[in-house]
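The following block contains the structure, expressed as structure tokens.
We call the chains A, B, C and D, going by the order they appear; numbering starts again at 1 in every chain.
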Amino acid sequence: MKENVVIIGGGIAGMEAAGQLLSLGYNPIIVEQQDHLGGHVAQWHRLFPDMIPAQELVQKLGESIAEANVFLETRVNFVNRLSDGWNVMLSNGINIVCRAILVASGFTLFDASRKEEYGYGVYDHVITNADLEAWLNGSADRRVPFRPESMGFVHCVGSRDMKAGNTQCSKVCCTTAIKQAIEMKERFPDSNVYCFYMDLRLFGKKYEDFYINAQKQWGVQFIRGRVSEVSETMEGRLQVKAEDTLSGRPVKVQLDLLVLMSGMVCNEHSSRMAGMMGLDIDSDGFIRSRDNEYHIVESNRPGVFYAGTCTGTKTVPETVCEARSAALAIHNYLKGR
Amino acid sequence: MIDRIASGFNPFVIPFLAGMAFVLGYCLISMIRIVLQLSHADRKKFLISLVTPGVIWRNCRDIFCDCLLHVKLWKRNRLLGYMHSSIALGWFILIVLGHIEVLLFVPGRINLFYYPIFFNFFVAENESTVQGKVLFFLMDFFLLVVLSGIFLAMLKRLRSRLFGMRRTTRHSLTNQVGLYALWAIFPLRLLAESFTAHISGGSFLTVPANWVFRQFLGNDLNMLPTWWAYSIALCVFMVVLPFSRYMHIPAEMMLIPMRNAGIRITSARRGLARLEVLSCPNCGICIDACPMSADRANLKDCTVYLTRQIRRGNEKRIDEISDKCLLCGKCQELCQVGVEGPKLRVAQRASRKYPISPDFSDIDVKGSGISAEKHEVAYYSGCMTRLTPSISRSVESLLRKAGVDYTWIDRDGGLCCGRPMLIAGRTEEAREMAARNMELIISSGAGTLLVSCPICYRMFTEEYTLPGIRVVHYAEFFDELIRQKRLTVEKSDVCYVYHDPCELGRGCGMYDGPRRLLSHAAFLAEADRTRGESVCCGGSLGSISLDFEHRKSITMSSLENLYSSRADAIATACPLCRSTLARYSDRPVRDIAEVIDNQTKES
Amino acid sequence: MDFGFGINRSSTIDLTKTDNGLFRRVCSEEPGARTCMACGSCSATCMASDLSGMSIRKVLLAMQRGQDIRHMLSKCMLCGKCTMVCPRGINTRRLVLTICRLYD
Amino acid sequence: MIYEGKKKIWSDYQKEIPDDHWYYVRSCIRQNFFPASERMFTEITRGVLGRDIYETPHHTTCGGIAYHCDTIPQETAMTIVARQFALMTEAGYENYAPSCITSFGNYAEILETWREYPELEAKIREDLWKACRREFKKPKCLAHSSDLIYHWRDEIAAKARFRLVDRETGDALRIVEHIGCHYAKMFPSKGVGGAEYPYVLAGMIESWGGQVVDYPERRHCCGYGFRQYHVKANRGYCVGNTVKKFESMEPYHPDAIITNCPGCPYFLDRWQYVMAEQTGRTYGSDGFGIPVLTYEELAGLVLGYDPWDLGLQLHQVAVEPLLDKMGIKYDPQAKYLGVDRENLMRPQLPEHLKCF
């Protein structure tokens, strides 16, 4: 009889961990509240820096967990502490007793409509990075004009923003913005594309190349200034105001499409899970790992492990690595090492 | 020896005559145009020089040595030298001998232009004389010499490395037509004279050939076609000549007097520039010479292709080639004709119009480093040395150790010397900068201007007028101080290879000074290609369009050359070379000043 | 009528109405110009900057914002130090010549 | 523009407005600028709507102007405000409605400060007691007087004789709403509709048949800016801001601007004259300006009051084109007749701005 491990969340972290646990000889049980696996990545179009289709990754992960138990559209109703493990009660009425739980509940995109000055949900042509990915994936969106002459990307929407209650950097948006800017330039080569940024944080492998390409090959224009307000003009275009901090002058520009780079914020389900299991919350609002230097996949509770963005903003490769690491940590824990 | 044909004429000479008339007329007109293109002063200077006895002597000597003997080529590669002199000199002697024959045997025909060329056709040997035997022998001998040259020329197209050349020029269509016509002329002449030898007589080459041919082609009817062919080959060569590289033959004969008259390139296309372009023989020596050839993408950007594109009037390529060049001067150094590739390019750059002109009138350089009191020596470090402060620090340290009374006039920044501006083709602007700097240098009151940057040094010596001020590169200055025992240098056991900076070596002819100075402090090794043939580091400001990433291969090939010396370290005397080489070098790169300073004791 | 005060002009740069044609023409010949990340090394090392306020970084930005660059550019001495220090390997020397040539 | 999106935001920024028994405080400056406005407020709320609105002549300035001009410290302003509250408490009211936007902002700021720092409130209570032996209760509800008209907008619409509609074409009039900066920019939750898309005036326009003009510079200040204007050397900066606003709204051809602040209608109205004199540029049709009304004046118009009784002749920009469009009858001869039909004298007409 293989030992159960409950994985809360069927995003790429949960999937990768499940695959690893399967090959380590366990019985991983994924509890996913949506109707599909793959989480946010499943909705994404292509992944930086090599532009592989996101679907490819999700599919690959899906194949590796063909034998795992997956409960879709299922929530965790309650978690009880037992003497040497946990009892997990699911919304579909199933009770699972296990010694190890992996929390991989991920993140939520910042609700861009909370930045009222950007007019998401009010103006006709303001969308978020996630909306754009969906559009790139082929779903219709009337907010994306047929032939935009100019477009803007607002970096740090809901990130590095005390007013939005989120002071941390979301880490992936700069690169995502550049990726999307390039993708839009591919489709609309004659358009003007502006990126409004505070700092460009392109720390990862080949991200800087991405930036150089966007500048050199695609002519994406970078304006170092945070958008202060957006208005709609008579023609239904968007007038965007910012300070061009480099020339020290206010700048305004009329755009046909504005893409808000919504950042990552802690999932409310993560918080709920933390409440049920008595997990610590870190000062950035995400679940707190035992420490942020070494025990990154361990929690303050025995048998509870983390993987992915439930503990903070992460890129896809970071998430996948953490999932593997968590699978190994669970294995060691269950073996009593 | 008597006239065989009473009229002294046969229609086959017509192609030759037409070709000759064309080429003479064409050359005359183009030479007159070039003289007219000269500025008034230059033209006067040129015409006076043509009647000045000393210059006449020099002109004759140079034309003989360069155009016929190809002395420079002999120095470069004997096979190459022989190939060129055999054709040029051999052909020249054949023509001279032809005239002697006419004068000796049929003096009445000397006014017929074609007679010396086709002599054998028009005469019959009625008696055998010693004179005739000697002349015929000489004729056959020099024909053989020329033929050997032609054979080598053919071989060179297959095995250029035998002639010391890695790469040869890719020839245009007209060049190829000219080349094949030239190759055809002398075998055809041999054939024609051989067919005629039983009538006109011949020597060791033509008589046996005549015997062989008569064995199976025993008909005199075969005679005329070969003379026709010979005449047509000459005609083709002469008609193609003005449009092919062979234009260099007449052009060089004019270039030598013009250069001896002391005329310099002022315009990109006219006058002397035009003449130099026409004088380029497309030999392709500059292809191997060019440091940019390290990257295959630049193979078509050396001087031989510049002159070709200028002749074709391909403005786009002319601009590209002009902007890419590093102006290292090596092509000019090695060019047999002395085509001034760098100057042609700078003149081309200078021909551009810019709506924005630099204006330095409101820049105040006064008071930057100039102190009120006067000093013996004014040190000018220049812009680039600011990026290699170790050089200026070493220079200052040495000056201090030797107890020299000096001031650093651009310590707190100053105007650039103007050479980068000059070589970008912005002559007037560079002059303005030079004028401002001269004012600054003179106002310092120093008697000696010490320079550590070869770029500045060349600018100061070539373009500045600094009355009463000695401009000196530190290589010479510190050597003097060492000789005067004001500096005590201890020789280390490190072996250095010295990299000649283009501006200092080929630019200013300073090869020994730096080596002498360096040898006080270290052992010296030489690279494969050194001094005038040293390889540019690739960092040169001369190139406008070479990007950073495209300079790397040049630097690497420069380093490969230096590594060939097996020295422990590389020394140079230019801040730009130093930082460029150091970027990719696997061994230490130092400025000579640093090496000397390290080995000099505090006094 | 004299009110004793005028109307201040807006200092906003209206990108929609900005003519950055010069910048685009320059970039088509010198694509490296787009890769500037405004680090300021060029201005810091510039010999003319010290004496006149010339800055090739500012010139690039001003062109993109449709501002005149003639004065700044007329101070460049083409000494090439900026080319030596540029972390993005931009051929600033050619860039200056290109801008000077294409300026209208 | 996605109207549903705005509505969602409006629904997030609604506040409780008690339906009756208000303690009303007039503004320091409004009666000089647009004298009928505050009179109309009491007239409409008491007379037309039959509400209990209490006023006392003992009230003073709230200290807001001086505070925003950096001439008094906040504690002084707080003590003044404490006295105002004491007057309300003494009159037996709990709902406080200032007519001035800056006052409203000032009260909101002080109440918030006291909430954060109760010890400061205690100190002010003590100061007030020492100064004038008064005590106060904090108002249960603080609303700006425009909030009240907004609250009763549908009642007014039901009684209206005119609608914000072009009589001839039947099209809704295009009205620009301009909100005073201190209304919601400091405390978005204190204003109806929040700071980005305030609904307080937009609601009145919609209710009375007009169409709200949303233009890019809707958030921009009118160009008053307190201490900026008060220093003459800075006035070019003030009017520069007004230019920006008008340049932005002009392409929409608005029929009128309505405001809820003392300074805004004044500057939006008078600066049109200054701009026309300096640049020759006018922003209405046919050389006219764009009429600027207070929300009380607009309410008075739709309820059928005589324009000259509303004091519209005291506006710099001619209101006649708006009246004609709405089909409101007026006597052009009576424009400059005062309350007792006394001739107020026709003013000298400006050179560039068309007026009557």
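Criterion: contacts are C-beta pairs under 8 Å (C-beta built on N, C-alpha and C of every residue); 3 or more make two chains touch, one makes a residue touch a chain.
What you are looking at is a predicted structure, and each value in this text was computed from that prediction instead of being measured.
Novice: List every chain that touches both subunit B and subunit C.
Specialist: Touches both subunit B and subunit C: nothing.
Novice: Pick out whichever of the two, C-D or A-C, is joined by more C-beta pairs in contact.
Specialist: Taking the two pairs in turn, the one with more contacts turns out to be A-C.
Novice: Of all the chains shown, whose C-alpha centre falls nearest the centre of every protein C-alpha atom combined?
Specialist: Answer by centroid distance: C.
Novice: Counting only Cα atoms for the centres, state how far subunit A is from subunit B in Å.
Specialist: 66
Novice: Can you compute the centre-to-centre distance for subunit A and subunit C, using the mean CA position of each chain? Integer Å is fine.
Specialist: 38
Novice: Let me have the rounded angstrom distance from the C-alpha centre of subunit C over to the C-alpha centre of subunit D, please.
Specialist: Using C-alpha averages as centres, the distance is 47 Å.
Novice: Distance-wise, how many Å sit between the C-alpha centres of subunit B and subunit D, to the nearest whole number?
Specialist: Here subunit B and subunit D have centroids separated by 87 Å.
Novice: Out of subunit C, which residues touch more than one other chain, so two or more?
Specialist: Expected reply: 32.
Novice: Name the touching chain pairs, please: which are they?
Specialist: A-C, A-D, B-C, C-D
Novice: Where on subunit D is subunit C touching in the complex?
Specialist: Those in contact with subunit C are residues 232-237, 239-240, 243-244, 274-275, 277-279, 351.
Novice: Would you mind writing out the residues of subunit A in touch with subunit D in their complex?
Specialist: Residues 113, 116-117, 119-124, 229, 231-234, 236, 239.
Novice: Okay, in this complex, where on subunit C does subunit A touch?
Specialist: Of all residues in subunit C, those touching subunit A are 11-16, 27, 31-32, 34-38, 58, 61-62, 64-65, 67, 88.
Novice: For a test of understanding, state which residues of subunit C touch subunit D in their complex under the given definition.
Specialist: 1, 3-10
Novice: Inside the complex, what are the residues of subunit B that reach subunit C?
Specialist: Result: residues 323, 352-360, 362-365, 383-384, 386-387, 413-416, 418, 420-421, 424, 426, 433, 539, 541, 544-549, 576, 579 of subunit B touch subunit C.
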